[in-house]
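Letters are used for the chains, namely A, B, C, D and E, taken in the order the chains are written, and counting of residues starts over at 1 for each.
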Amino acid sequence: MSAPTLDVTGLTVRFGGLVALNSFDFALRSEELVGLIGPNGSGKTTFFNALTGIYPPASGRVTLGNDDITGLQPQRIYDAGITRTFQRLRLALSLSVFDNLMIGNHRNLYHGIKGNLFGRKRLRQQVEENVESSRRLLEQFSAPLATRLFDSVFQLPMIDRRRVEVCRALISSPQILLLDEPSAGMTHEETRALMDDLLASRERMPGLAIILIEHEMGVIERVSDRCVVLNYGQKIAEGSYRDVSGDHKVRAAYLGED
Amino acid sequence: MDFGLVAQYLLNGIVLGVIYSMVAAGFTLFFGVLNVIKFSHGDVVMAGAFTALAAFAGLELLDAGVGMFAALIITVAGIVAMATLGAVLARMLILPLRNAPPLNTLLITLMFGLALRESVRLFYPNGSNPKPFPQLLPDLSMTFGNLALRLDSVLLIIVGLGAIVGVHLLIQRTRIGLAVRAVAQDPETARIMGINFERVVLLTFALGSGLAALAGITNGLYYSEVNFGMGLLLGVIGFSAAVVGGLGSIYGAIIGGFLFAGLQTIGAVWFAVPAYKDVFAFGCIIVLMAWKPTGLLAERSSERV
Amino acid sequence: MSTLLQIEDVISGYDQADVLTGVSIEVPAQQITCLLGSNGAGKTTLIRAILGLTPARSGRIMFEGVEITHEATHRIVGLGISCIPEGRRVFPGMTVRENLRVGGYTETKRDAVDKRLEEVFETFPRLEERADQLAGTMSGGEQAMLSIGRGLMSAPKLLIVDEPSLGLSPLLVKENFKVIQRVNELGVTVLLVEQNVRQTLAIAHQGYVLSKGRIAAHGDADRLRDDEEVRAAYFGN
Amino acid sequence: MTPGKRDFRALIVAAGLAALFVVLFLHLEAQWAIALLALGLVLGLYFAVRAGLLARVQAAASHHPRAAIAINTIAGIAIIAVLREEHFALLMLATVCLFVTVCLGLTIQFGYAGIVNFSGIAFFGIGAYTTAVLTAHSAIPHLLIIIVSGLVSGLIGSLLILPMLRTRGHYAALVTIAFGILFRTFLEVNDTLGGPQGLKVEGMRILGWSLNDNISLGPLGTVSFYASYAMLALFVAAAAFTLIKRLERSWIGLNLDAVRTDETAAASFGIDVPRWKIFAFTAGNCLAGVAGAIYAMMSGYIAPASFNFGDSLLLVSIVLLGGSGSALGVLPAALLVVVLPEKLQIIQEYRLLLFAVLVILILRFRPDGLLPRTMREYLPGWGRK
Amino acid sequence: SSEKEAVKIAFIGPLTGGVSANGLGGRNSADLAVRLRNADSKYTYELVALDDECKPNIGVQVATKAAADNDIIAGVTHYCSAVAMGTVDVYHRFGLPVIVWGAVLPEITYGNDYKEVHRVNGTMINQNEVAAQFMIEQGYKTWVIIHDTTDYGKGHNRYFSKSLVAQGGQIIGTFGVSADQQDFNAELTKVKQLNPEVIYFGGLAPTGVRLRSQMEKLGINAVFQGTSGIVSDAFIEGLGPLSEGVLAFREGAPLEKLPGGQQFTSKYQSQDYGEPPEAYGAFAFAAADLIIDAIEEVGPDRSAVMQQLNSTRDHESIVGLITFDDRGQNTVAVITRYVIQDGKWVVWDDSEYAQGTRKLPRS
């Protein structure tokens, strides 16, 4: 088994008096898909935010490979190869699907002033390449969506917006993908399709590891290699879906059975 | 520097601060409800003062133009007229544009202010010249050394602060205020909760414009003079005060108003050329904004990811 | 049994495009009526049409026998309709308590509002814990709770619920359905939109299936649950 | 006819009509003629929009961006040639071009990066004052002075960077408002830069040739010296326009849009938000400074009273009237805001009132501006894919 | 002949904005001159009025508009000094003869050698020399100077200070304030402590009104001495009874002392203009009149008119005799001393103050 790609130790996040994430330990290996579950307000999204540099951690340490990435700026985290989706969509609604994807592909684009304004050969080449790759990526999720590459996101139905968000996070070929309830508001069928597409994409991106926050237990059961359960900011269980779903603490706090 | 002098500066500063605060409170109110900057606010202040002046002319015809009673009547007249004007403005220009980018509202109110100013200049009898404002408050004053403590100043401070605090309580403590704040956050959901969106907007504009009129009349009573251009700088300063204090908070508006008055007074005393006081005050504002980017009484941030 | 809400041939939509192309449904009093359908079928649009937010271009909407098709939203709500809107839509800059108070806006008596506040806090203890937190800083699921609580504040005759369990934990989803059922048992008519078809049909009395802006099927909950065709087409599982 | 040829024809016809309109608008003085012209414009535009002609022209322009700019520049030159003897019309034309330049700068700041700048005229003024000082006290060639003035504007603007980076929205707006007022008051109170009386500025000289001389064409008459300035201003505006368009259609434009729409999301995808804000703010101020420099040399005299807060608001008005973020929209909006009050001179003291009412009406019925921004097209002809 | 040739004359002044009262008064007065003369003249005169907003950039624009229009033979131009400073180059370049009717900064005529530029009103130098001398004669010793920071206020400060110190007056404080400022309490509190005998104010009526009324509220007991900028009905109207005893100085002979002046006043009133002529209306009238005289004499030709104007010597006008020096400046520097008595500007020598029946403060 390969060494952990991402290693989190003792991560703590506070909002005033509230400890939203309490001394959280977590490890993620290459190609692994970990389901992160827990009751509402248990700190799942906060974990993503602390990881991606949006909230500064009060204490703790995060390493990616051999690099310490604790408390770095969001853009540095992205450069290091971690991308995410947001629980509440954060797309630029007035921009086209393509533009939104290209925001996600920032790392692979050329941002020099000279080349962008004057010698535009390179720009042209990059645009053409990226139109192709965007279209291919979208097609993996939804063929009709791929034909709307140049429509504004505002015109898309919610479900397609979610797809665009996932694609935006995938297009730069990250090492780690953080998904925050990607299937919220979808029917079972749609959720299943999205997950299938996601798994298919994973096949094409060797090494991609995913952390998935999800309240739909069927999904977690089907796709996750391992589960981590949070409650009141603390890890209360970890292991395979079967182990975790059998844990009585998890059942009481989260699943609400027995 | 002797005590009387310091007290005099303080007193002047306080009256000035009250006037600024009243204007700032209006800005905060509009911002709070529709997320718009209403740049015509300063001119509404001016128009309020002129309406009161016109009402006074009317009273004089009836031979009733003296004393506190007349002051009360013209104040009410000014407030009612401006409140109506505010509601009409909201109805005709602000509401139809509420789906347009917010800066468009800013521009449209700016132009409305210009139109208002030019109208007073052109259509108020001899409107391009300064007008004396009647001295209606009791002309009593006591002198302590260098301090001339005037009763009218004290009255104006009390009325002004009372009005601001009253508006604050209205917004924070009443059902109407709750509706106003809900509309500010999300108009559509507010409607789903059974709130009459239009009425709330009209009400807020009426309230803010009424407050502006009061500021204008206070200004007139205090300086005994009004002119059609008085709203220009007052508007900018009121906006600055509202922002420095922290938009959306009425107490912020008060703090901002007094801060601005204080900075100007200090600037005027400190510099050999008092005209530098505005350079000083606005310079301080820039520094303050770098230090406290969302105002002194920062809004509690409700943003999360 | 009387019909509380009746919708006849409603056509409605945004800008040029019609989303609803002639929808008729009836919501009987005291019952739970559910509205099913895939993403983008027009469920939310129908609710917006009822509330007068996306006004009907033609057709009629009657509440308690009174036509409300062209009324203003706040009037419609004032008649005794309460809505838990899609996407929670809490007031982010107001505290939890203030959000709930806005929910009780149509109630003018302060005591009554206070009493209902107590009841909501009982149902969702987490809200009481966080009564003074700004709603915008709450977690996704906490906001969903708040939205539901807010919808219960006005003691409506008709409660319209649009995907309330979105983003809620399994425990809370169950809790949520229980709450809706309990509310209904207290005599409130419910119009429920949900993706969670199985659990929805378990508590609903009857339902409509909406597809591409039309009613594709309708009937008692049991019938819908068993109808092979409907299952295959809309529920998938 | 091939689509290419059809495009060119559409572009040429559109540019020709626009040029004709500008010439008439600048030239006509009689009240009824202007009213007729305005009516013609409104009707013409209405039918052009209805028949989809406007959209076709826009598509054609996006398909051939270089040709579009070239054709329009030629149309501009043609306007200058037609008006060659009319000093006043040329002065107005040059002023419009300079205002277009400033407002394109504001478009980078506000339209793309979302930074509101209420002190545009101050940066224009910094360019003007820099030019006044440099022409009087240095031997730097005038063309270079224009560039230096732009840079100085950008540099002084960086004093505001820290508060601008830390604040947003209305709070940032306040910073610029404060700066604008401070700038003007400072110039007026302080005597080192001429105080309230202002400064005289030399006319521009390029390689020994003074732009302040009329050009004699022998028997063909003389060309107004303002034609030279109008030409210069036209080229500067065209260059600024080209740059802005290229900026918009590049990854940089995308970065700026991302910063405007959602800073958190932008940062989460590697975009260096402060860097692009500084870039946009500085670039915009530089453009304002360049325009100010040419304006100073052209008008020959500058004073603090010309750089009021109200003038900054006028600049913002142009950007909003055109349609926020729409480079093309700046052109008709600038024409309107600069020339219309002049045309209204006939009604004398009522003109500002009427101007205000007209702007209100436009905004009321076209809330997104005269020519709202369209989708980004990275490459020519993108929209037809 | 019924078909007289039409000749255009430009009028430029601030018709909108803060000092528009003066601009409108000037325009009406120039218009009056044209109307009166059209009755019997060789040409039909037409006044083209343009608004400079009291802003230099707009001023240059409209000056170009007027100067580039070959039908316009001459112009009556500018109330604001900063605007006039900016536009003289334009008139020179286009060869348009103009007469400044209100701007008082000396440099407008003396800062250049342009034959096109003339001025009927005096400069602030003349005014302040007389003012300083007069006040010293009245026995005052200590002054505080408050001036606005426009070129008008700053210039007055400069020239008055110079004259006053030269004649032995003592300046115990100088305050520059901005023209659109509303509140002067901070400055005046300082002034109160300095306790001067006279407050000299260099600025225009609107600011002057504010200053004077706030002085009163703080209980400052001093003579209020103003400049030509406050000699207007607006000042008195704005202050009411508080205006009593305010002193000011203005170039030109008092209207009511000249036969033409009285006629001007009555004719002006009979025309139903919406606005009063204000302090400089008479100068605008005189300037327009002078231009019409010149055109009648030499015909509608710019350079001929310019030469005609340059040679103006002892020309009778409603503001007294006009003689232009080699810079085009009217050198007959009659300065009239005014005091406000019972709500009217009264020439000092005719006032009860001069006769000793009323007393100024502290005298």
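Here, a contact is a pair of C-beta atoms (placed from the backbone, for glycine too) under 8 Å apart; a residue touches a chain by one contact, two chains touch by 3 or more.
Fair warning: this is a prediction, and the values are worked out from it, not measured in the lab.
The chains in contact with subunit D and with subunit E alike are B. Of the two interfaces, A-C and B-D, the higher number of touching C-beta pairs belongs to B-D. Here the CA centre of subunit B is 34 Å from the CA centre of subunit D. Put simply, the C-alpha centre of subunit A and that of subunit E have 74 angstrom between them.
Put simply, the C-alpha centre of subunit A and that of subunit D have 43 angstrom between them. Counting only residues that touch two or more partner chains, subunit A has 45, 54, 86, 90.
Listed for subunit D are residues 185, 188-189, 264, 349, 352, each touching two or more other chains.
Residue positions of subunit B with contacts to 2 or more other chains are 118, 273, 275, 278, 305.
For subunit C in complex with subunit A, the touching residues are 38-40, 126, 137-142, 144-145, 163, 166-175, 195, 197, 234-237. Only residues 31, 37, 39, 93, 96-97, 99-101, 103-104, 107-108, 110-112, 114-115, 118-119, 122, 236, 239-240, 243-244, 247, 273, 275-276, 278-279, 282-283, 285-287, 289-290, 293-295, 305 of subunit B touch subunit D when the two sit together in their complex.
By the touch criterion given at the top, residues 52-54, 73-75, 77-79, 83-84, 86, 90-96, 99, 102-104, 106-107, 109-111, 113, 116-118, 120, 123-124, 126-128, 150, 152, 168, 172 of subunit A touch subunit D in their complex. Those residues of subunit A whose C-beta lies close enough to touch subunit C in the complex are 15, 37-42, 44-46, 87-88, 157-159, 181, 184-190, 192, 215, 217, 253-256. Remark: subunit D residues 243, 246-247, 250-252, 254-255, 257-258, 261-262, 264-273, 279, 375-376, 378-379, 382-383, 385 touch subunit A in the complex.
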